[in-house]
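Just dropping this structure here.
By letter and in written order, the chains are A, B, C, D and E; residue numbering begins at 1 in each of them.
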Amino acid sequence: MIMLPEIIVIVTALTVLVLDLFVKDINKVQIALAGLLSALVSIIVLPIGGELLGGQFILSPTAFWFKIIFLLSALITISISYDSLMVKTSKIFLQSSSEFLVIMLLIICGMMYLVSSTSLISLYVSLELATIPLFALAAWHKKESKSAEAALKYLFSGALASSLLLLAFSFLYGTTGTMNLSEMAVAMTFSPLQIWAFILITMGVGFKMTMVPFHFWAADVYEGAPTALASFLSVASKAAGVAVLVIFYFHVFPDLVKSLNGFLAIIATMTMTLGNLVALTQKNIKRFMAFSSISQAGYILMGFMGVESMGLVSVLFYLIVYIFSNLVIFGVIMAVSSSTGKEEISDYKGLSISNPMLAFAMMLALFSLSGIPPLSGFLGKFFLFSVAAKQGFHWLVVVAALNSTVSLYYYLGIIKEMYINKADLSESILVSAPVKWTLSLCTVVVVALGVLPQVYDLILEGF
Amino acid sequence: MLSIIQEPGLTYWLLLSTVLFSIGLYGFFTRTNAIGILISVELMLNAAAISFVSFNNFAVTGDLDGQIMTMFIIAVAAAEVVIGMAIFIQIFSKQRHLNVTKMNELSR
Amino acid sequence: MYNIETLFIYLLSIVSVLSAVLVVTQRRIIRSVSALMMVLLVTAGMYVILNAEFLTGVQVLVYIGGIVILIIFAIMLTGAGKTNDDEVDTHKKLLAFAVSFLFLLCSTYAIVNTPIKTVDTGANSSVRALGLKLLDYSGTGHVLAFEVISLLLLAVLIGAIVVARKTEEAKNA
Amino acid sequence: MGILSILVFLPFVLAVIVLLTPNSKAHLYKWICAIGTGLHLVLTAVMTYMYYQSYAVDRLAAKTSLHTKLYLVEQWSWFKAYDIEYFIGVDGMSVAMMILTSIIIFTGVLASWNLEHRTKEFLAFLLVLVTGVFGVFVSFDLFLFFVFYEVAVLPMYLLIGVWGTGKKEYSAMKLTLMLMAGSALLLAGILAIYTEGGSFNLLELGHHKFPMEMQNWVYPFLFLGFGVLGALFPFHTWSPDGHASAPTAVSMLHAGVLMKLGGYGILRVAMYLFPEGAIQWGMTFLVLATINVVYGSFAAVKQKDLKYFTAYSSVSHCGFIIFGLATLNFVAIKGAVIQMFSHGIMTGLFFSLIGMVYGRTKTRDIPSMGGLMKVMPWLGVSFYIGGLASLGLPSLSGFVAESHIFVGGFMGNPWTSKLTMQALTALATMSIVVTAVYVLRGLAQVFQGEITNPKFELLTDATVTEKLVTGILIFTLFFVGIFPSLMIDLIEGSIWPFVNRF
Amino acid sequence: MNTYGFFLTNIWLILLIPLLSFIIVGLFIGPKNKKLAGIFATTSIFVCAALAYGATFEYLSLFPLGAEHPVIVPWSVQWMPYLENLTATLGIMVDPLSLLLMMIITTVSSMVHLYSIGYMHGDPGYSRFFTVLNLFTLSMLGLVVAPNILQMFVFWELVGASSFFLIGFYYTKASAVAASKKAFIVTRFADLGFLLGILILSYEAYHLFSLEAFAHLSSYNAFDFNFLNHPEVINALSTADGALLTFALVLLFIGAAGKSAMFPLHIWLPDAMEGPTPVSALIHAATMVVAGVYLVGRLFPLFGSSEVALNVVTYVGAFTCVFAAVIACTQNDIKRVLAFSTLSQLGYMMLSLGVASPLHKLGYLASNFHLMTHAFFKALLFLGAGSIIHAVHSNDIWQMGGLRKKLPVTHITFLMATIAIAGIPPFSGFYSKDEILAAALVNNPIVFIIGLFVAALTAFYMFRIYFLSFCGEAKSDGAKQAKESSISMLIPLIFLSVLSVVSGWFPFEKFFLSEALVHNTPSWLPIVASGSGLLGVLLAYLFYFKKTTYANSVKNGFGPLHTVIQNKFYIDAVYLFVVHKIIFRFIAAPIAWIDRHIVDATMDKTAYVTKESGLVLKKIQTGNIHTYTMMFLLGGLVLFLLLLGVGF
């Protein structure tokens, strides 16, 4: 029964919803985490390659790994935002947090359906399920007007992207005569309309994955929305965007993309460079993380060049590494803002004195994001760069490597605040237990992934 | 070119839906009222629906996927409008206006 | 020499384009909503021509009956109906027009240059076939999409309620 | 777990132990590190002995071999997909570099004996840095080489940023960014090699014949990438600032060892894999290296701060290393490797002494100091020995290296015109006079003449640890200077393959 | 091969003993017990002297005076293997020249050691003095016994370094520090020439090994003297590229000129007088300055092969000879006078080497003979001057006077040395100078005349000092209470005075050359030579003993020229100008400035540009939803046009 994980997630969502109505402040985070964990376990048990509903629902290797990515990111996001969901005294506490949790679980379920769907319609609908509720989550901070404004911008960009996507799907449907993705790939004929559909899809998916020309919403939404959602966006929704891109680039337009290496290289360079350059100037930590995640999208794009299975494996590996590093940073951001309520980078002064463990975890994650060896970020980037190098784009490798040096500059900026600058008032930052556990676990994984080859080989076996 | 207009076939309908789509786009970029922008989105979705149905009618007559897709489009459009309206109401309760151009508190 | 049907098509397309233009240019939001209603009605008519009779029903009932009414309701709530929305400066209008026109050009270029072989039997849609296709468990069915859309609506429902609900202080203020 | 892996990861284990020891036993940190690095020194000696035993048997074969022969090899597969292996081994050159690093880290730890500010993290980061350096010298898989290369560069930021003096953030940031930009070039080069050569294993790649047009652009990439760390002319500006604001042990380790990674990398990777590229680009980098030598020495003449003075002199001496490599002549390359060793010890001595003088006089400004010889004779004499070594006085290791480079430079290589090569070597030789000028001027100003500042009257001479530090370094300088044939024999075997490939 | 006796087999002791005593005195005895340090150091040098004499005696017993005097290398070990035929060995080469030098060095050094026990008594740096003196003797011995040119260069540098430490012995005195720095830098500059010479020479010689004609010589190395002086090698080198060979030889001569303070590079010697007098006696009279002459002597066959090189040697030597002698006459500081006199005597040795050629070796013989005699009497003069200064506590000859009665022994010994240097017959100076003049007469008459004129000048300025310091009445109270120095200072004076007489009669010719030399020196030559010497003495007697006004009238006669000469032709000022103004102001400062403002600035500029572009890009984030979505769509359309345009 390969739809088991989805069902488990839906059941958990519903139980949280129902229980919240009847029982006074139940520990909903624990239920959610239990549900997600059992979904994760169930997925690992499932045989890859099965199909259901006569082919409407399949579990291909990509789908398998993307589901693991989605469940992992949900699991970690929810556990690091324990403060804003459960701790009433924390400065970033969210009203009606159980509904927040339910919607998040449903979104995860939408993403899982997204990767397993074979027809255009189910793909479109699950994509919408994975996007539209996010607009609602963005507006959760009722007290500040920033949150509503962020939601508005996110809604409009999302609506535009989805209508463009819809138009593209109609053209695909029309020219290939079928709704089924695999049949569509066979009927591809490089006609102008199909190229136009390809571009429209790139725009639609580019929105979700924050590729450069379509990234404008990211900064405002990350800053305005509650941090829990910002971390979720930077990780899960970006992974969903990558998933859709993988579906289209690897399964629907493979030979078109094979000839478009130059095109991809340009977009990747733009995304990386703009993301890094603007991140240099950022003061607010969440806005800073927005641009850092935009630049990460640039590196991921490099994996798509040449449409090889090695490229896909490195993209998947990099996503996993990116999840752990990014969520450690967001965990620290949430821990700091939950006790101090401040989000400026300069507020991290002297963190290494007030809370050495937090600072050390943050430092490791930042180094991993900027691609410094023994840590996993370097390994992920190295495999992505090797894909680009294999296609002969050495200039792109140099640009990417220089970009990661620029990124090192602003990551070191934060480390400088934490380690070198003296803190004027170092009130101690208390971190609640689950957050502490998740952070230390993730930091260990960030370091371990850099050294142990097992995970990469595991992914490789699938392809 | 004239033949397209003479007996309106698939291309005619597609051109029609693209025209409607572009008008929707124009509305999307110029309306200052949030609801106005949402209306233009509805317009665009409707244009897409037309292209789906016309493809179904002219090119892919074997099955009815196009029409089923249109039904789903309508459902999704509904969802979008619901969320949009909820957000607009929240904005309105705070700022008493829905003028999109005045909302750039996040522009630092 | 033109048979009735093409004449009818021309009529519908002209009306829909005109009212679409009205939707986007009207200063008062109420008038643009009504123009939108007109566009949707005309599309419903188009569906008839495109052999999608059931869709006309769905369009009229759900789209116009449901969504547009909701929009009108929201307009009333936010009191936007009475006043004129202020205009975006002309230079931005020009830019918007240029972008959308460029989009139109690209799209028409793509459509015109792609030969799609058309079958002139037209779709034989019947409600029964639609229903069967929609909930068919075999490979070609769309039951999965059906399930997912229900989840979407549930999520949107919860989200909209929480977002639109007045905050506690606003309530007792 | 061969001896090489122990040697590479012992400092890391030490770092972990130091981090784990509770703050209550703060005084223990120094002792753990001192004993640990001392043990490391002994182990390196054992490793050298083991190397000698296995190398002795094929000393003659080395003369004609086209491929580096490795000893004490350890090879485990790491990433099967990209056939990346944990492949470490050692040849003559690496053994010399291991000895150098082991000495420098031991003396470095001793030199930072009286550091109070957060010693735990300082020693931990220092040991992590040295792990990276040891890793680079033994790794023969390009991926592993690059991983250790970056591990060696990263702790520098925190070491200079937190424990440095003067405008430390600025120079720490500049140093890290320039070195990382350099390693960006390296990454592109390594990936190009991988796509072309098909594997990361350096020895296998040695058999692969790289096409000419690829060599033409990858060789300069690698050369500049490594050159940034080896203080090649236009990219040397990080070194004066970096060393001036770094604490003693860090600048000892950095100038003494890390800058040698540049030269080592050029030889081991760039020249080994791209002999034709090296010939093609030989002249341009030779000219650059000559500028490096002359420019560095002249710039040092006008420096007012002791650390800038030494930093510029090490820029000039590192220029010698690159000069030796760029001549593509056997004797000169051998000289370059010896210069790596000897300059490492020399700068280690210089920076440790500057640290000690700074610890006492609290100033590094040369004009404001004077007549310190009367008050601290031991430090004065060691400074003079260091100075004479740096200007290449025979019976000290500086002369051995420089004479090799000059003789090699004069003999030149079959591909460049004899006249230009000899003219450039003559120009480089000119620098021994300029070095003499600035060394003597600086030292005479600081140590000779009357005591200018009454406060200096009551300064104390070297303590036991300081005597040990200077003693070890000076002994090595003399040992290599008086018995150069030992060092030459150690290195010679590993240099032949590079030359035979041209 | 005939077996070597005790001395020759372990000749390496002559290097080991000073090394051991240097280390032991330096590290162990010195800091503890000053007195023992002095004695230990002196005894070790005496042992070396004994070894040197033993070795010479054994060498002569093996190869009697008249017979062939081969060059033997009893001990050598591999030191620095550059390449297969290019290995520098550490060894001892024994032949008449090196034996002669060994004897001179060890003798003078032991006398100076003995002398300084008394002279340096009570000086705080007492043991440091003896350590460095031992190091100096070691490096000097290493230099003279070197079998190859690289080992010579090694010990050459060590000699330079130890002279640096010795000159700068009183390191608290600013002038001593400056003098030591100047000495080291000038000699270092000359050593640069020497090194370049070696490099070119060894490079040329090394390439000979590849020719099969030299297969039989393959056991040699390119650096060895035997190889370089080998007749086949010499004509191979000169035929291959004569100009390059001459260039190399001139470079080598520059190295020699630097060490032996020939004209352009002489500025450091007068200032080197800042060091303690025994140092001046040992280094700046007998040993170090002679190294340059020894180098030219050692490579004489090679030098012989190129006419130009020999001419350079001759004329530089001659010019220095005259130049220094003229200045010596005007100096007031006793040690400066002796320093300039050394300069001019060295000029003599150089010009005599220059005039010689492989065919008629008289010049080569005379120069080495003069080297020996000069070493003894100049050392004696310096030590004598030392005891005068020790007694009078001032260097200025105008404050001395009337010391004849007060310092009897110093007076007699000083007188004997002055007569010797003036070249008056019975004393050694006459014989060696006569030989030089004879050689000069045969080859180069101009040089002969210069030599003659300088002989007179030498006599004049030497007796000027003699009369001013010893005769007449004491001109200052210091001179009045002058007391004779202690016995340990007097023994070396007496011993050296005996030597400076006896050394003239040493059967030099037979010891040095195998076959007898054809003597066609005209009979009138000795008379003329000694005559010019006596003329000088007479003039000095008139000027300074008789207190006539001649001296002042001559001085005013010369007028401004006199002050110019007194200030050593302002050459020092020129050097200072060149070094400080040109090198520091116009090269070093600009480079330091360039580094700070251009190279460094470009790096900061790139960082600035990246930050600026970041700010520019940030401006696009206006926050207005319309701009966002428009750019969203525009970006997509541009990509589409790009795709169509470029035609995927």
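We take it that a contact is a pair of C-beta atoms (placed from the backbone, for glycine too) under 8 Å apart; a residue touches a chain by one contact, two chains touch by 3 or more.
This one's a predicted model, so the numbers in the text were calculated from it and none came from an experiment.
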Q | Least step count from subunit D to subunit E, where 1 means the two chains touch | A | 1
(Q) Using the contact definition given at the top, which chains are in touch with both subunit B and subunit D? (A) A, E
Q: Could you work out which chain's C-alpha centre is the most distant one from the centre of subunit C?
A: E
Q. Out of A-E and A-B, which chain pair has the most contact pairs?
A. A-B
Q: State the chain with the largest centre-to-centre distance from subunit A, centres being mean CA positions.
A: E
Q: Please find which chain has its CA centre nearest to the centre of all protein CA atoms in view.
A: D
Q. If you average the CA atoms of subunit A and of subunit C, how many Å lie between those two points?
A. 31
Q | Mean-CA-position distance for subunit D and subunit A (Å) | A | 43
Q: Provide the C-alpha centroid distance between subunit B and subunit C, rounded to the nearest whole angstrom.
A: 5
Q. If you average the CA atoms of subunit B and of subunit E, how far apart do the two points sit, in angstrom?
A. 98
(Q) Please output the residue numbers of subunit C that touch at least 2 other chains, ranges allowed. (A) 88, 92, 95-96, 99, 103, 106-107, 111, 116, 140, 142, 145, 149, 152, 156, 159-161, 163
Q: Among the residues of subunit D, pick out those that touch two or more other chains and give their numbers.
A: 177
Q) On subunit E, where are the residues touching two or more other chains? A) 607, 621, 623, 625-626, 629-630, 633-634, 640
Q) Of all possible chain pairs, which ones touch? A) A-B, A-C, A-D, A-E, B-C, B-E, C-E, D-E
Q. What residues of subunit E sit close enough to touch subunit B in their complex?
A. 621-626, 629-630, 633
Q. Residues of subunit A touching subunit D in their complex?
A. 310, 313, 367, 372-374, 378, 382-383, 385-386, 389-390, 392, 394, 397-398, 401-402, 404-405, 408-409, 412, 415-416, 419-420, 453, 456-457, 460
**Q.** Residues of subunit D touching subunit A in the complex
**A.** 78-82, 143, 146-151, 154, 157-158, 161-162, 168-169, 173, 176-177, 180-181, 183-185, 187-188, 191-192, 194-195, 217, 221
Q | Parts of subunit B lying in touch with subunit A, wherever the complex brings them together | A | 10, 14, 17, 21, 24, 28, 34, 37-38, 41, 44-45, 47-48, 51-52, 55, 59-60, 62, 65-66, 68-69, 72-73, 76, 79-80, 83-84, 86-88, 90-91, 94-95, 100, 103-108
Q | Contact footprint of subunit C on subunit A as seen in their complex | A | 10, 17, 53-57, 95-96, 99-100, 102-103, 106-107, 109-110, 113, 117, 119, 121-122, 124-126, 128-129, 132-133, 135-137, 139-140, 142-143, 151, 171, 174-175, 180, 191-196
